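Could you have a look at this structure, given as C-alpha cells, before my questions?
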Amino acid sequence: MAAASHSTAARASAHAAHGAGHVVSLKVYFAIFAALMVLTAVTVGVAYVDLGVMNTFVALAVAVTKATLVILFFMHVKYSTKLTWLVVASGFFFLAIMIAFTLADFVSRGWLGTPGS
Amino acid sequence: MLERLGLMPAQASTMAFQVDLLYGFLIAVTAFFSLLIAAGVIGFSIKYRRRSEHDRTPHIHGSNLLEVVWTVIPLAITMVMFFWGAHIFVTLKRPPDDALQVNVVGKQWMWKLQHLEGRREINQLHVPVGRPVKLTLTSEDVIHSFYVPAFRIKQDAVPGRYTTTWFEATKVGEYHLFCAEYCGTVHSGMIGKVVVMDPADYQAWLAGESTSAAAAAPADGGSGSLVASGKALYEKHGCITCHQAGSVLGPPLAGVPGSTVALQDGNSVTADDEYLRESILNPQAKVVKGFAPVMPTFKGQMSEEQILQLIAYIKSLGGDTAAAHGKTGS
Amino acid sequence: MSDSHVRVDAHGYEYAHQFDSAEHQHSASQLGMWVFIAQEILFFGGLFLTYTVYRYAYPAAFAQSSHHLDVTLGCFNTAVLIGSSLTMALAVHGAQLGRRWTQVIFLVLTIVLGSVFLGVKAIEYGHKFHEHLVPGPNFVFDGDAAHAQIFFSLYFVMTGLHALHMVIGIAILAVLVWQAWRGAYTPGYYSPVELTGLYWHFVDIVWIFLFPLLYLIGRHH
Amino acid sequence: MTSTNYLNADYGIWSWLLTKDHKRIGILYLISITFMFLLGGLFALMVRLELLTPAGDLLTADTYNKMFTMHGIVMVFFFLIPSIPAVLGNFCIPLMIGARDLAFPRLNLASWYIFMAGAVFTLYAIFTGGVDTGWTFYTPYSTAAANTKVIPAAVGIFINGFSSILTGLNFIVTIHRMRAPGLTWFRLPLFVWAHYATSIIFILGTPVIAITILLVAAERALQFGIFDPTLGGDPVLFQHLFWFYSHPAVYIMILPSMGVISEVITCFSRKVIFGYGFVAISSLAIAILGFLVWGHHLFLSGQSVYASLIFSVLSFLVAIPSAVKVFNWTATLYRGSISFNAPMIYALGFIGLFTIGGLTGLFLATLGFDVHVHDTYFVVAHFHYIMVGGALMGYLGGIHYWWPKISGRMYPEWPARIGAAIVFVGFNLTFFPQFIAGYLGMPRRYHMYPPEFQVLNVMSTAGATILGVGYLLPLTYLLWSLRYGKVAPANPWGATGLEWQTPSPPPTENFPVTPTVTEEAYAYAHRAEPEYV
C-alpha cells in the first residue's frame, strides 16, 4: 500500500474554532432547565383559560420559546458557527414553506366557485 | 386543417378555441427558443470545431449584460403565459349562472350522470349545443377524472368532496369522454361519449323520447327530477321530523344553502354543498348553534347520487328564512 | 473493521485517514449531525403538517378527542423528558471536562429518565387500548367518531415515531455508557457523546410541540 | 503500468462488500443500478409492446397496470435518483475536491446497504405479485382499493429514502469540510455545485416522502385513517405531501446531470464556462425554487384556485435558472475548440432534449392549458424528455467521460459515438409522438386506447426498440473495454479538474500528495499546451 503522504496544510474550509468545544457553565444549564419547567407549567395553566383562538397561538408561542432555549443552550447553537445556524434555519424554513403553502390551499378552497354557493 | 391532419383534437366548445390559441402561442415560443438554441449549438459546433490539437481558445468569463438579457426576456415571456393561462383557468372555475346542471358520480369503473331534470345516464352525457353546462363531480371510491378532449376540460372527481367545471358545446356531434386519473383495473375502459344535440333534440331526449336507441336511459333510473327524487328521500328518511320550522331538534333547512351558519363552537361556516354533504354523513362535525348534537349519521344509507338529489331538494326549498340566517349572497 | 487507516495527531488523538486532524474530524461529524437533524425536522414536519390541516378542518373533533388524553401523565412525561435533556447536557459537560464518572452517571440517568418516559407512554397506550380509542374497526367514540379517528391515528403515529426515536436514543446511550466507563472519551475526543446529545435534545423538542398540540386542545371547555 | 490503484489494492468479494473506499462504493452502486435499469427497461418494453395495438391484447389490464407502476417505481427510486449522485458523485466528488475520501466512508457503505435493503423489499413486492398503484401511490386507491403488494413496495421506498438522505448528508459535509487547500467555493467544479444543490433536496425533501409513504403503509396495515375520505380524510393532502418531495425529486435527477454537462462542454470545447457564477448559483436557485412549485401537480385535484395561481407563477420562475444554464452552455461553445467525442455528443444531445423538455414544462405550468393535457401522454412525453433526455443522457455522457478514470481503460470511440446517436434518434422517435398523442387527448396509464391514436403509438414503440439497442450498445462495449480497451492515461481529455491529475485508475488514497489549487475552474485558455499523452 502506497504510503500516502499526509498533508499538514490546513484544508480550505474554515474549521470551527472550538478546540475542546464551548464549555457552557452549569449555572446556565440549570437556569435553562428551570425556565423550561416554568414554561411547561405556563402552557398547561394557560390551556385552562379561555382565550378563544389565542389559546392555540399562546401554546405554540410557548413551545417555540422552549424549543429555542433547548436549541440555543442545550444544543450549543448560541456558541456555534454560522453554518450551524444556517442548517437549523433552513430545516425550519422549508418546514414553514411546506405548511404555509399547503394551508394556502385548504384555507382558500371556499373563496371562489364554491359548489352550491 | 390541423384537425384533419390528425394533429389537433376536435374543437367543440367555447373554451377549445381559446385553449388552442394559447397552445399556438406556447408552440411559437417553444419553436423560437428551440431553434435559437439549436442554431447556436450546431452553428458553433461547425464553426469552432477542433482543427488541431494546438488550438488556443480565448478566456471569456461571461457577460453580465447577456445574463440579464436571457434572464429578463424569458421571465417576461413566461409572465405572459401565466396571465393568459390563469385567465382561462379562472373562467373555467366560474360557471355561468344560467348553466344547466348535471351531477357526475365516478365509480370503479363507470360514470354515472344525472341531469337536474332527472334523466340519468351511464358513460354518456347528452347536452344541447350552445348552452353552458355545469358539472358537479364526486366519486364513490377512488379519484377519477372527467376528461373531454374536444372541450379541453378535465376535472378530478374526488371522493368525499365536490368539484365543479363547466363547458358550452359549440358543435353537434359525439365526442370522447375519458377517465384521466388512474383508478385501477379497468381505468382505460372507464370511457364513454358526450353527445351534443340540437336544443330541440335535447328537449325531446330529456323527455325520454330520443329517436336514437343508443341514447336510451339506463333502466335503473327514476324519471323524476333531482328535486323530486330528493324530496322522496327527504320524506323516506324522515328528515322533516326534526327539520320542520320551529323544531327544537334541528334547524329548518329552507334558505340554508348559500347562507352563513353560526356553529355551536363559536365558528361559522358557509353552507355550500360540501357542508350540506358533511352534515348528512357526519352530523357531529359542525353542529348548528342552539341545537344539540342528536342527529344520526346517514352514512351507508345513501349513495353519493342520492346525497346530491337530497341537496338539490334542500336548495329548492327557497330562501324565505334566508334573512334569519344572514344570507351572504354569492 | 480494519482500521489501518486510523491516524494519530500530535496530541495523541486518533482520527480517520480522510481527515487532517482530530479537530477536522470533529467539525465534520458535528456538521453531519446537524444536517441529520435538519432532515429529522422535515420527517416529523410531514406529520405536523397533516396534524395542522386536520385540526384546521375539524377543530371540534380534535378538542373532544384531546379530552381523552391524560394531561397529568402528559405533563409528568414532559417534565421527565426535559429532565433527561438536562442530564444529557450535563453528561456532555462532563465529557468536555474529561470527568469520566460524571459522564457515566449522567448518561445512566438519561437512560433512566428516558425509560420512565417510555413506561408512562406504554401505560397511556394501554388505557387507549382499553377505551377502544385505537383507530381501526374496534374504534369507539362518543361524538364525532370519524374525525376523532383521524386524531387518534395521528396521535399514535406521532407519539409512536417519537417513542421509536427514544428507543434508538436509549440504545445509543447504552453503548456510550459502556464506552465512557472504559474511558474512551476525553476532552480531545468526545464527539459521540456530543452528537448523541444533539439527537436527544432534538427528540425532546419534538415532544415539546407534541405535548400542547395533542394534550392541551380546548381544555378550557 | 502495474502501479497500485483502488482496483487492485485488494482482492476478494469481502474487499468489495466491506470497502469504505468511495470509488469502490461507486462501483457497487453502478452494478446495482444497472441491474435496476435493465429491470425497469424490461417493464417499459412490455408497456410499449402492449400499446402497439389499441386493444388490450398482449397483457391483461392488471398486468399492464403493474408494468407501468413497476417501471415507474424502479426507474425513479432505484435508478434515476441514485444514478449520477451515487455512482459518479460518489466516485468523483472526493477526487474533484482533492480529498482522500468522503467525510463519512462507513456511512457511505451503509447507504449502499440501505439502498440494497430497500431494493430487496421492492423486488420482493415485484416478484411476488407486483404493485399496481402507479408510482405515485395516490390515495385512496393505494390505501383502500388496490389489492396488490403495496406495503412491501412502500417499505422498500421508505428504506431507500434513507440511503438518499445519508448520501446527501455525506456530500454536504464533504463539500464543506474536505476541500483541498486553495479550493474556494467559486473555484469548485460545477459538478460539485450541482451535487451540493442536489444534496439539499435529498436532505430536506426525502424525509417527507418517507413519512408519507409510511402513513400509506400504516393506513393499509393498521387501518389507521389519515387520508381516508370516508372518515373525512383528504386524499388531496396526500398529494401535497407526495409532491413536496416528488417534484423536487425531478431536480434530484436533472441537477447532477447538468453538472456533468458543465464538465463535458468545457472540456471538449476547451473553454472556461461562460458565466461561472450564474451557472453555479442557478443550481442552488433550482434546488430552492424547486420546493415551491409542487402544487402544479394538483391543478385539477380540487386544490383551491388561489393556491393554483401561486403555484403556477412560481413554476414559471423555476424555469428561469434552467434557461440561464442552457444559454450559458451554448455561449461556452463560442470560439471554442470543439471535438466530438462520445461524452460531448451526449452533452449536445442533452442541451437539445432538455430545451424541449424544459419548454414543454412551461405548457404544463400554464393553468388553462394544463387542464387539457394534464394526465395525458403530453405529460408522459414532457417528463421523459427531462428524465431520459436530460438525466439519462447526462448519466451516459458522464459514464463515458469518467470511464477512463473509473476503469483505467478507454472505451472504443466510434461505437460510442454511434451509440450516442442511436440513443438520440431512438429517444426522439419514442417520445416526440407522445406530445401529439397527449394533445389529441390520449390519457396516460391506458391499457387500451381508441384506434385513432395507433399510428403515434406504433412510432413510439418503434422508437423504443431503437432506444433499447442504443442502451445495450454501451453496456456491451464498456464491458468489452474492461479487458480489451486501450489503457487510459491519467488525463485522456486534457481536462482541468483535479480528478485528472491523479493516475487512472486512482490509488486508494486518491492523491499521492494533497493537491493545492491555485486557479479557477476550467482554466483551459491558460494552458500552454493540452496535456495529452
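Residue numbering begins at 1 within each chain, and the chains themselves are lettered A, B, C and D in the order written.
The criterion applied here is as follows: contacts are C-beta pairs under 8 Å (C-beta built on N, C-alpha and C of every residue); 3 or more make two chains touch, one makes a residue touch a chain.
Computed from a prediction, not measured in an experiment: that's the story for all the values here.
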| item | value |
| --- | --- |
| Minimum number of chain-to-chain contact steps, chain B to chain C | 1 |
| Chain nearest the overall Cα centroid | D |
| Chain pair, most C-beta pairs within the contact cut-off | B-D |
| Approximate Å spacing (C-alpha centroids) for the pair chain A, chain B | 42 |
| Chain A and chain C: spacing of chain centres that average the CA atoms, whole Å | 14 |
| Distance between the centres, which are taken as Cα means, of chain D and chain A, whole angstrom | 33 |
| Distance from the mean Cα position of chain D to that of chain C, given in whole angstrom | 34 |
| Touching two or more other chains - residue numbers and ranges from chain B | 90, 93, 163, 282, 285 |
| Chain A: positions in contact with at least two other chains | 1, 6-7, 9-11, 83, 90-91, 94, 98, 102, 106-107, 112-113 |
| Interface hub residues of chain D, defined as touching at least two other chains | 100, 176-178, 204, 208, 230, 232-234, 236-237, 240, 244, 302, 305, 509 |
| Chain contact topology (line, ring, star, complete or other) | complete |
| Chain C-facing residues of chain D, complex | 18, 20, 94, 99-107, 165, 168-170, 172-173, 176-178, 203-208, 210-212, 214-215, 218-219, 222-226, 230-234, 237, 240-241, 244, 509 |
| Residues on chain A engaged by chain C in the complex (per definition of touch) | 1, 6-11, 15-16, 18-21, 23-24, 26, 29-30, 32-33, 36-37, 40, 43-44, 47-51, 55-56, 59-60, 62-63, 66-67, 70-71, 73-75, 83-84, 87-88, 90-92, 94-95, 98-99, 102-103, 106-107 |
| Partner chain D, residues of chain B touching it in the complex | 6-9, 18-19, 22-23, 26, 29-30, 33-34, 37-38, 40-41, 44-45, 48-51, 53-63, 66-67, 70-71, 74-75, 78-79, 81-82, 84-93, 108, 141-143, 145, 147, 149-150, 152-156, 158-161, 163, 176, 178-189, 191, 278, 282, 285, 299 |
| Of all residues in chain D, those that touch chain B in their complex | 56, 61-62, 65, 132, 134, 138, 140-141, 144-146, 229-230, 232-236, 269-272, 274-278, 299-302, 305, 308-309, 312-313, 316-317, 319-320, 323-324, 326-328, 330-331, 333-340, 348, 351-352, 355-356, 359-360, 362-363, 365-372, 374-376, 436, 439-441, 443-450, 452, 455, 523-526, 529-530, 532 |
| Chain C partner contacts - residues on chain B that touch it in the complex | 264-265, 267, 282, 284-287, 293 |
